[in-house]
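Presented sequentially are two complexes of chain A, the first with chain B as partner and the second with chain C.
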Partner chain A sequence: MNYLADVGALARKDLLLELRARDTLPAMLLFVVSALVVFHFVLPAGSSDLAATGLLWVALLFTALLGLSRAFAAEREQGVIDGLVLAPSDRSAIWLGKALSILAFLALAELIALPAFALFFRHIDGTLVGGVALADVGIAAVGTLLAAMAAASRARELLLPLLFLPLAIPIVVGGVGASVADDPARYLGLLGLYDALFAIICWASFEYVVTE
Partner chain B sequence: MSTWSRNNRLPALATLALTLTAAAIALIFFYAPLDEDGLNQKIFYFHVPIAFTAYGCFAWGGWKALRHLWKGEDGADLESYVAIHLGVIFGVLTLVTGSIWARYRWGHWWVWSEDQLVLFLVLFLFYCAYFMLRFSVPPGPQRANLSAVYALFGVVLIPVSVLAIRLSERFIHPVAFDKGGPNMAGSQFFTFCVSCAAMFSLAATLYNLELVGKRLDMRLRELREALQ
Partner chain C sequence: MIRARALEKRYGDKRILRGIDLDVGPDDFLLVTGPNGSGKTTLLRLCAGLAAPTRGDFELGVSRGRIGYVAHEPLVYRELTALENLDLYGRLYRISERRERIGMLLERFGLWDARHERVASYSRGMLQRLALCRAFLHEPDLLLLDEPYSGLDDEGALVLDRELTERAPRTAFVVATHEPERLRRHATDLLALA
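So, the complex of A and B:
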């Protein structure tokens, strides 16, 4: 119970910070809409709708990267992370709280991105939304841990996409498959498996990322 | 471990690797029969054992990473790094040999329908990022921890990627690609096993050699610091 209260407090802190400073979410929203507009010019006339669906996943992935690269900015610049690590709570609560707030950012960004996609390109169906929801969990889980890693390195933001993209390939396969294939169930299954496996390993190993 | 076995393990391993590699090359070219693919098929005896060895190195690196995080074993970080380094070298060789094989079998240097090649490309990117991470953190306990966590991710990523790449073929290549894998004859299988053993012993030799060098380097640095 105590653990959940810690997680809630940490997630609330991030959302409150965002509400006051508004430095991540507007950037994500603007980026995802700009990316969709760019994609209109990327697709030559006569391209299939399926290609546009594939590009939607590119847009979502890079929007997530944009948000993740700022995820630990306040912690790093203001030295908050040392305080959090010293706090008498389980360190994995830091990861879970941050992952939940990232998940909320992603969901809000997609609340704009998916209708915009439907408006500009093609209709979206339930399995696509389901795929996006499952993919968000995986992106938030893995991305948060990698963002903490990148924040600890000298290269900082530069490193995050390099660490994240190879790990995101199964997410892309699952997401694109769920959006375009005739049998989306197995792709949703892949996303679910990915989420479960990586959430467990991130939860268990976050402590080692922030402590020495 | 007695002093004798510690001092002589590396030469013994090196001798074993040399013998097995020579035997494997002799078997591949003079003993294993040609199949319908002709001489091209010979690269199979290099490509597949090299791929297995790369998997072995990655798994060993992951295991050592787990030992580092779990037990705080001394030196496990270095061992994990050396194993992964070696795995990347064998992984690049897998990509090169696979690419050559694809060229002569299907006429293209790169085929996206070949699961193994695509997987190794993903793993190559992943472990290159591992090096980027490792070398952008100053040496110390934090670098060891970050490297170990990322190496563990790799061990989970391999099976998930295999599954994902298999599944992706269903919407990228709707027609199932039948490679018609060779039904190996007994003599071919024997050659293949010797070739695998040769690659494993070669990897083990290189692993130990690299570790000896790195440990010597560390010891020297410690002594130099002690002198100052």
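So, the complex of A and C:
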């Protein structure tokens, strides 16, 4: 129970910070809508739904990257990560609290992005929404760990995409597959497996990322 | 509480600390002095468990939840108020009667009236007072203070003097400072880094 209380306190703090500073979510919203508008004009008239769906995933992935690049900004700038690491709570609670807040930002960005996609390109169905939801879990889990690693580096803006994009390939494969394949269950299963596997790895390894 | 033998710390090729021997008991007060770049902050980070020694033996006989740490940075969120910052730490440290304790510390350090203001609007001295409140919040057994008087005005310095006098008999201290004279009366040992 204490662990969940710590996670709740840390996630609530991140949401409060965003509510006050408004420096991540508005940027994510603006980016994803702008990207979809650009893609709308880039795709030739009569292009297939498959191409449009692929571009949706590109937009979502880079929107997530934008949010992740700010994930540990407050902790880095104020040195707060040392204070959190010194607290007696399990250090993985820092990762889980941050991953939950990233997940909330992604979900809010997609609340705008998916209707915009439906407006510009094609209708959205349950499997696409399910694929996006499962992909968000994986993005938040892996992205939070990598954002913490990158935050400790001077080349953090460069390092995060270099670390994150290769690890996000299975998410893209699963997400696009779930959105367009005749048998989406296989791809949703892949996303679920990825989420479970990487959530455990990231949960267990976060402590080593934030300590020397 | 802290025992170190032949402690060495390097960052890459640069040697920050070399051959440090330390013994800090439960009611000891160790003053650490030295010029800029002599490794005072690094030594405190080692004592806090925030950094690992490159070489040597190091034993920390206290759990990290019993350490209070004042660093160069106040380790608080600028977009939260003093009350919200201390409440977050109070929850993470599972402090019973958290609100009363936070209120008492804010009152003592003269931050009560500014408790609902965002930390971003605080002066350097107010930030240092808040950092001290954060470090004292959970009644630590070991206090690691890096230049604790930095930014404090005369009134703030007097409050800190009182706190140190009150806590010195029952708390272990490792204090890095450029003003050893101010703390000499508490000190049980002195480590001068070169």
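Points to keep in mind about this one:
Here, the second predicted complex is superposed on the first by the 212 of 212 C-alpha atoms of A that agree within 3 Å, B and C clash if a C-alpha of one lies under 4 Å from a C-alpha of the other, contacts with A are read in each partner's own complex, and residues count from 1 in each chain.
Simple rule for what comes next: contacts are C-beta pairs under 8 Å (C-beta built on N, C-alpha and C of every residue); 3 or more make two chains touch, one makes a residue touch a chain.
The shown structure was predicted, so the numbers you read here are calculated from the model rather than taken from an experiment.
Once the two complexes are laid over each other on the shared chain, residue contacts for A:A9 go to chain C alone; chain B is not touched.
In the overlay built on the shared chain, the residue A:R154 is in contact with chain B alone; chain C does not reach it.
Once the two complexes are laid over each other on the shared chain, residue contacts for A:V85 go to chain C alone; chain B is not touched. Judged by the touch definition given at the top, the superposed model places A:A74 against chain C, while chain B stays out of reach. Touch criterion not met for A:D125: it reaches neither chain B nor chain C. In the superposed model, A:E212 lies in contact with both chain B and chain C.
When the two structures are aligned on the shared chain, A:I201 is found in touch with chain B, with no touch to chain C.
In the superposition on chain A, the residues of chain A contacted by chain B and by chain C overlap at 211-212.
Of all residues in chain C, only 48-52, 63-65, 67, 69, 71-80, 84, 88-89, 91-94, 118, 134 touch chain A in the complex they form. The residues of chain A lying in touch with chain C in their complex are 2, 5-6, 9-10, 13, 16-17, 20-21, 74, 77-80, 82-89, 211-212. On the side of chain A, the complex with chain B involves touching residues 142, 145, 149, 152-155, 159, 162-163, 165-167, 169-170, 173-174, 176-177, 180-181, 186-187, 190, 193-194, 197-198, 201, 205, 208-209, 211-212. Of all the residues in chain B, the ones that touch chain A in their complex are 69, 122-123, 125-126, 128-129, 132-133, 136-138, 140-142, 145-146, 148-150, 152-153, 156-157, 160-161, 163-165, 167-168, 170-171.
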